[in-house]
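What follows is a short report on a single structure.
Think of it as A, B, C and D in the order they're written, each chain with its own count starting at 1.
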Amino acid sequence: MTIPAYPTFPRGDSELGKPVGILTLKIDDRDVSARRGETILEVARENDIFIPTLCYLEGLSSLGACRLCLVEIKGVTKLLPACVTPVRQDMEVVTDSERLRRYRRMILELIFSERNHVCSVCVSNGHCELQTLAQKLGMTHVRFDYLYPRLAIDASHERFSIDHNRCVLCMRCVRVCDEIEGAHTWDIMHRGISARVITDLNQPWGESETCTGCSKCVQVCPTGALSEKGKSVAEMVKHKEFLPYLQIMRRNER
Amino acid sequence: MEALKETASKAQDETSKRADDPRWRRVNRVMRLHGYRPNALIETLHMVQDTFGFLEMEALKYVAKTLQVPLSRVYAVATFYHFFSLKPPGKHTCVVCMGTACYISGAAEIMHEMQEALHIEPGETTADGAISLVTARCLGSCGLAPAVVLDGEIKGKMTPAAVLETIERWQADASG
Amino acid sequence: MGKIRMATSWLDGCSGCHMSLLDMDEQLIDIVGKVDIVYGPLVDAKVIPEGIDVVLVEGAVSTDADVEKLRLLRERSAILVSLGDCAVTANVPGMRNRFPLAEVLKRGYEENAPLNAQIPREDLPHLLDKARPLHEFVPVDVFLPGCPPPADAIVYMLQELLAGRIPDLSNKSRFGA
Amino acid sequence: MRLDEIREIARIEADREDGYRHRINVCVAAGCLSCQSASVKDAFEKEIAKRGLENWCRVKGVGCLGLCSGGPLVAIEPAGILYHTVSVSDVSDVLEALDDGPLDRLVCSGETPFFKRQKKIVLENCGRIDPERLEDYIAAGGYQALHTALTLMTPEEITREIEKSGLRGRGGAGFPTGLKWSTVAKADNETKFVICNADEGDPGAFMDRSVLESDPHRVLEGMALAARAVGANHGFIYVRAEYPLAVKRLKKAIAQAEHAGFLGNNIFHTPFRFDINVRLGAGAFVCGEETALIASIEGQLGRPRPRPPYPAEAGLWGYPTLINNVETLANIVPIIREGSQWFAGIGTEKSKGTKVFALAGRVNNTGLIEVPMGTSLREIVFEIGGGIKEGKQFKAAQTGGPSGGCIPEHSLDLPMDYESLAQVGSIMGSGGMIVMDETSCMVDVARYFMEFCRSESCGKCVPCRVGTTQIHELLGKITNGTGTAGDLTKLEELCDLVKHTSLCGLGQTAPNPVMSTLRHFREEYRAHIEDRFCPAGVCRMGRGKEGE
C-alpha cells in the first residue's frame, strides 16, 4: 500500500489585519470571503457557484465518496473534494475546467454502468438527483459496458421498499439513520463492487428489529432506490428540508 | 404475560448457557478484557471464529448486544473483512495461494483443476460439507511457489496432480 | 441547395421515438421541406439506399438482424443519430440483460404462455445474449437520450444538423422522460 | 533493568554459546517450515540425544536465512557452513560431517553472489538468533539503543538522528521518516499513539513477515524509540491474521519485554512508559492505508477517509498518531546504535540505507534479500537471483505489487531507489519483486493485479469501486480475445480517472500495473486485440461472448 506524500497547502501570509475568523479566497477568479472552518463547497454555494454533488447532503456528515465535487486548487497537484476541504486564506479554487468536466462525466458513466438504472421505468423519474446530474453535466451516453448485476428488490416493509438496482451507495440512508434518527438500521455489507446496503443482519427490511419507520432514509435517497409504497411517479418527491432544521434544533439544545 | 415470562427465561437460559460453555467463556473473556467497548468488535469476532470455525448469526447478535454495536454494523464488519466467514468450513480445507509469485508459477492452473474436480467456486464448500476451496492473497511462501495449504499444512512447489491426489483421498474418506 | 437525405430505423424499441418525431406539430412542415426521407418505417423503401446524410436509429440492438441492419446503416450514412433511451442505453429491452438468455426465453414463451407454450426457433432473428446500445457496435455521431426524447429536442437537433453543425444536446433532453 | 544487567545477560549468553563446539541453526521461518524444516529440527535433536552429543552440539530454530528456494536451510556455527535442502534422512550425514568439514552434496557456498552481494541491516539478526528468546536478542546487542536513547538523548535528538539518517518510509512511496516523526512530535497533545503497520498485503511480499517472525524484539525496540521521540505512551501493532506465527512470536516478545522492563512503566528507571498491543487485521488490503488502518484498530470498517486531517494531527481516536511500517521501524535501532552518518553513507543520495526485497518468480534463487539502495536490477536478478530459471529469457520485473509496475529488459541497469523506480512507472512499494520470463503474459499480469485491486477496493468512492471493475472487465475482454480497437483508449482514460480521482492510495495507484505494461509492452496488448494472439501462450483466446 502506497502512502502518498502529504500535500501542502500554499499558505498565504496576508492574513494580518483581517477580522478574526474571516478569510478571503478566489473561486473561479471571483473574490469571495468565508468563515474559517467552512468547506469550499459551503462557500461556493453561498456565492451561487455550482459544484456538482451526489453523496453530500447538508445536515449530514461528509464522506468525500462520490468524487463529483472534486475541484482544482492552485499549487496543489491533487484534485480535492470540495465537500470536505476547508477553505484557506488566498486559496485559488477552480470548480469548472475541461478536465473536471471530463472526470465528472466519466464518474457518472461509471455510476450508470454499475447497476440497472433504467430511468424510464423508475419511480423517481423526474425527481432523481442522478438523472438531473447526468443532464446537467452533459453525460448523454455511457461508453463502458454495463455490468448488469442481478439485484433484488426488497418490498417487505409495509410502507417502503428498496430497489438495489437504483442504489448508488452514497450512504445517505446509513448516515441519516445513524446520525439523525439514531437507530443505525442501515449499513453496508461486503466491499468494493459487491457492496450493498443492508438493514440489521441483512434481514428483510420488514423484519428489522431496529427500524423505527421514520422514513428519513427514503427522503434523503437521491435516486429511486428507496421509495414509498403506493405513490405514483409524479408523487414520489423527496423532502429533505427537515435535515438542516433538525441540525439547528439539536445544536440549540446543546 | 406468559409469553413475556417465557422470553425472559429464554434470555436467562441463553446467558447462563454462554456462561457455562467454555467456548463462550473464551469469547466473553476477550470482550471483558476490552471493557466491553465497541472497539473490541474485530478482536471479538476473531475469537468467535477461532472458537466456532465461523460466525453464526446468533453469535453476531450476541456480540452486537454485548458490545452495544448496531446489528447492521456488526454484519457490515463481518462481511467487509474477508478473513471472516459466515458459513461453516468443510471438514477439509484446500487453500490455494494466489499471490503474484504463485500466480505466475501456475496457481491459476491448480485452482482451475480444483474447481473442475470439486464442482465448486473458490470460497465455497462441497455440498456434502467435506471440502472447502479457498484462495489466499499471499502465504508468504513466494520462494516455494506455487504454494497450497492442505488442512493447515503448507506445501510448496505444488502441481495440480499432487493436490488432486490429496483431494481424492479426502473424497474417498468422505464417501467411505 | 438539394434536400438532405434522411433515413430512420427502428430496432428493438416501442416506436415511441418515431411518435415523438411526428409530434413536432407545425415545425414538421418546415423540416419536411428540407429533407427527403429515403428509408424507414415512415416510408415505403424496402432496401437501405446508399448515400444517406442522416440516419436516426431508434431501439436497442437485440438480434443478429439488428446488428446487420445497424452496420449497413452506418456504412451508408454520413451521420448516425442514436435516438432515444433504447438506442442510447438499451433501456427497457436491456432489462432482460441481468438474466441468462435461456431463462428469458423460458419466462417469455413457456411460463407466461397460456397455450402452445414453446420457444420459437425458426424463421426468427437470433436473439443476442444481451440487448445493447448502438455505440457498442458502431460509432455514433449524435446521442439524443429520452424516453422518448421530447419533440422540441428532436427539432433542435435536426435544425442544427441541417445547418451543418453537430448539436450540443445536453440540457435538451435527459434519460427517462 | 539497567545497562550492566543487559550486558551481563549478553555475556552469559555468549559464554553459553561458546561452550558448544557446534551450533546447528535450523531455519523455522515460513518458507522453510513449508518444506518441513520443523521435522528436520526434531530429527537433529533426536539424533544428537541418541549419540549423546548434547554437551557438544546444540540445535536452535532460527528465523529466515534468506535463500527460501533452497529450504530447509541449516547453518552450522561457528564453522560458517550453510546447507540447503536438508531432509530428515540427511541429518545423520550432517552430524557425521561436523568435525571433518562440510558435506559437499548439500553445502551452499558462502562465496556465491547471493550472500556476498547483500548487506544486512534490517535482517542482521535474521537466521542468527532464536526469535523466541529475549536473551538471544540481547546477546546480539538488543535494547542497548533504547538504553542510550532514554538515558543520553532528548526526544528531539532522537528525531534529529532519524532525520539526518535520510531514512524514508519502507511501506510505499518513501515519505521521509524523520519529517513524519517531527510532525507528530510537534502535535500538541498529551495522548499520542505509535502504530506499526504490519498489514503486509502486497501479494508478492513477505519481508515484514520474516522480520516479525525472525526478530520481533527489533520492531518493539524501534517502536519504543519512536514513541520516545514523538512523545507517545501507547503503541499498536496491526498485523495480518494470516500470519499466525508472526502474531504468536510478537505476543511472546511483548510479554518478555514487559517482564524484563523494556516495555511498561519507568523503562530503564526513567519516567518513560510505553506499552504495545497487538491488533489483528482481518483480510483487507486497504487497511494498509493509514486512515483505514486506524479505523480498523478502532474496530470499525476499514474504509479510508479523506485527508487532511492527517493521522499525525488526528489519528487513532482523534489523537496524533505516528504510523510506520515494519521495515522502517526495523531500521531505527541500527541508526541509533551506529549513528545517522553511518546509515546515510549507505545507498544513494536520495535513498539511504538498504532495502529488503522478497525476490520471487522465475529466478533461480528466490527468497529474502537485502541490498543497498541503488543496487541495479541486473545485479539483483542475474547475480543475487542467479539468473532466470531453465535458461529462459528475462522479460520484466514487477515491483510494488498491485500499486507498482513492470520494469522491462531495457531498464535492467536501473538502480533500485525511489526516484528511479518512479521514473519507469513503478514504485518501490513494500519490496515485493517478481521476476518474469517469456512464459508470462503482461496483459494477463495486469489483469491479475486489477483483479486484486477490484476485490480489495473498499467500495467507498466511485472511481475505485466501479473504475477498477471496468478496467478489469476490459482486460478480461482483451485476454479472452474479444477486445476491440477502442479498448486501449478506454483503458487509458479509465486509468487516468481512477488515478486522479480516487479517495485513497489504493485507488490512486491501482492503475499503475496497467499503465506501466501499456507503456512498455503495448505490442502485447495489440497482439491480443488485433491478432487475437497471446505471445506468451498464457491467455486462452476465443472464449468470447456469443453474438459479437
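Here, a contact is a pair of C-beta atoms (placed from the backbone, for glycine too) under 8 Å apart; a residue touches a chain by one contact, two chains touch by 3 or more.
Since the model is a prediction, treat every value here as computed from it, not as a measurement.
J.: Taking each chain's centre as the mean of its CA atoms, which one is most distant from chain D?
T.: C
J.: Go through A-C and A-D and name the pair with more C-beta contacts between its chains.
T.: A-D is joined by more C-beta pairs in contact.
J.: Quick one: report the Å distance separating chain A from chain C, using the average Cα coordinate of each chain.
T.: The mean C-alpha positions of chain A and chain C differ by 34 Å.
J.: Distance from the CA centroid of chain A to that of chain D, rounded to the nearest Å?
T.: Their C-alpha centroids are separated by 38 Å.
J.: Nearest whole angstrom, what separates the Cα centre of chain B from the Cα centre of chain D?
T.: 26
J.: Counting only Cα atoms for the centres, state how far chain B is from chain C in Å.
T.: So the centroids are 52 Å from each other.
J.: Note the residues in chain B that touch 2 or more other chains, in rising order.
T.: 73, 76, 80
J.: Can you pull out the residues of chain A that are in contact with at least two other chains?
T.: Only 143, 145, 188, 190-191 qualify.
J.: Among all residues of chain C, which ones touch two or more of the remaining chains?
T.: none
J.: Help me check something: in the complex, which residues belonging to chain D touch chain A?
T.: 169, 171-173, 175, 199, 201-202, 284-286, 288-290, 301, 305-307, 310, 400, 403, 427, 429-430, 454-463, 465-470, 473, 490, 493-494, 497, 500-503, 505-506, 508-509
J.: Of all residues in chain A, which touch chain B in the complex?
T.: On the chain A side, the touching residues are 178, 183-191, 198-202, 209-210.
J.: Which part of chain B faces chain D closely enough to touch in the complex?
T.: Residue positions touching the partner: 37-43, 45-46, 69, 73, 76-77, 80-84, 98-101, 103-105, 136-145, 147, 154-156.
J.: Quick one: in the complex, what on chain A touches chain C?
T.: That would be residues 112, 116-122, 125-126, 128, 131-132, 134-143, 145-146, 148-151 of chain A.
J.: So in the complex, the part of chain B that touches chain A is made up of which residues?
T.: 57, 60-61, 70-76, 79-80
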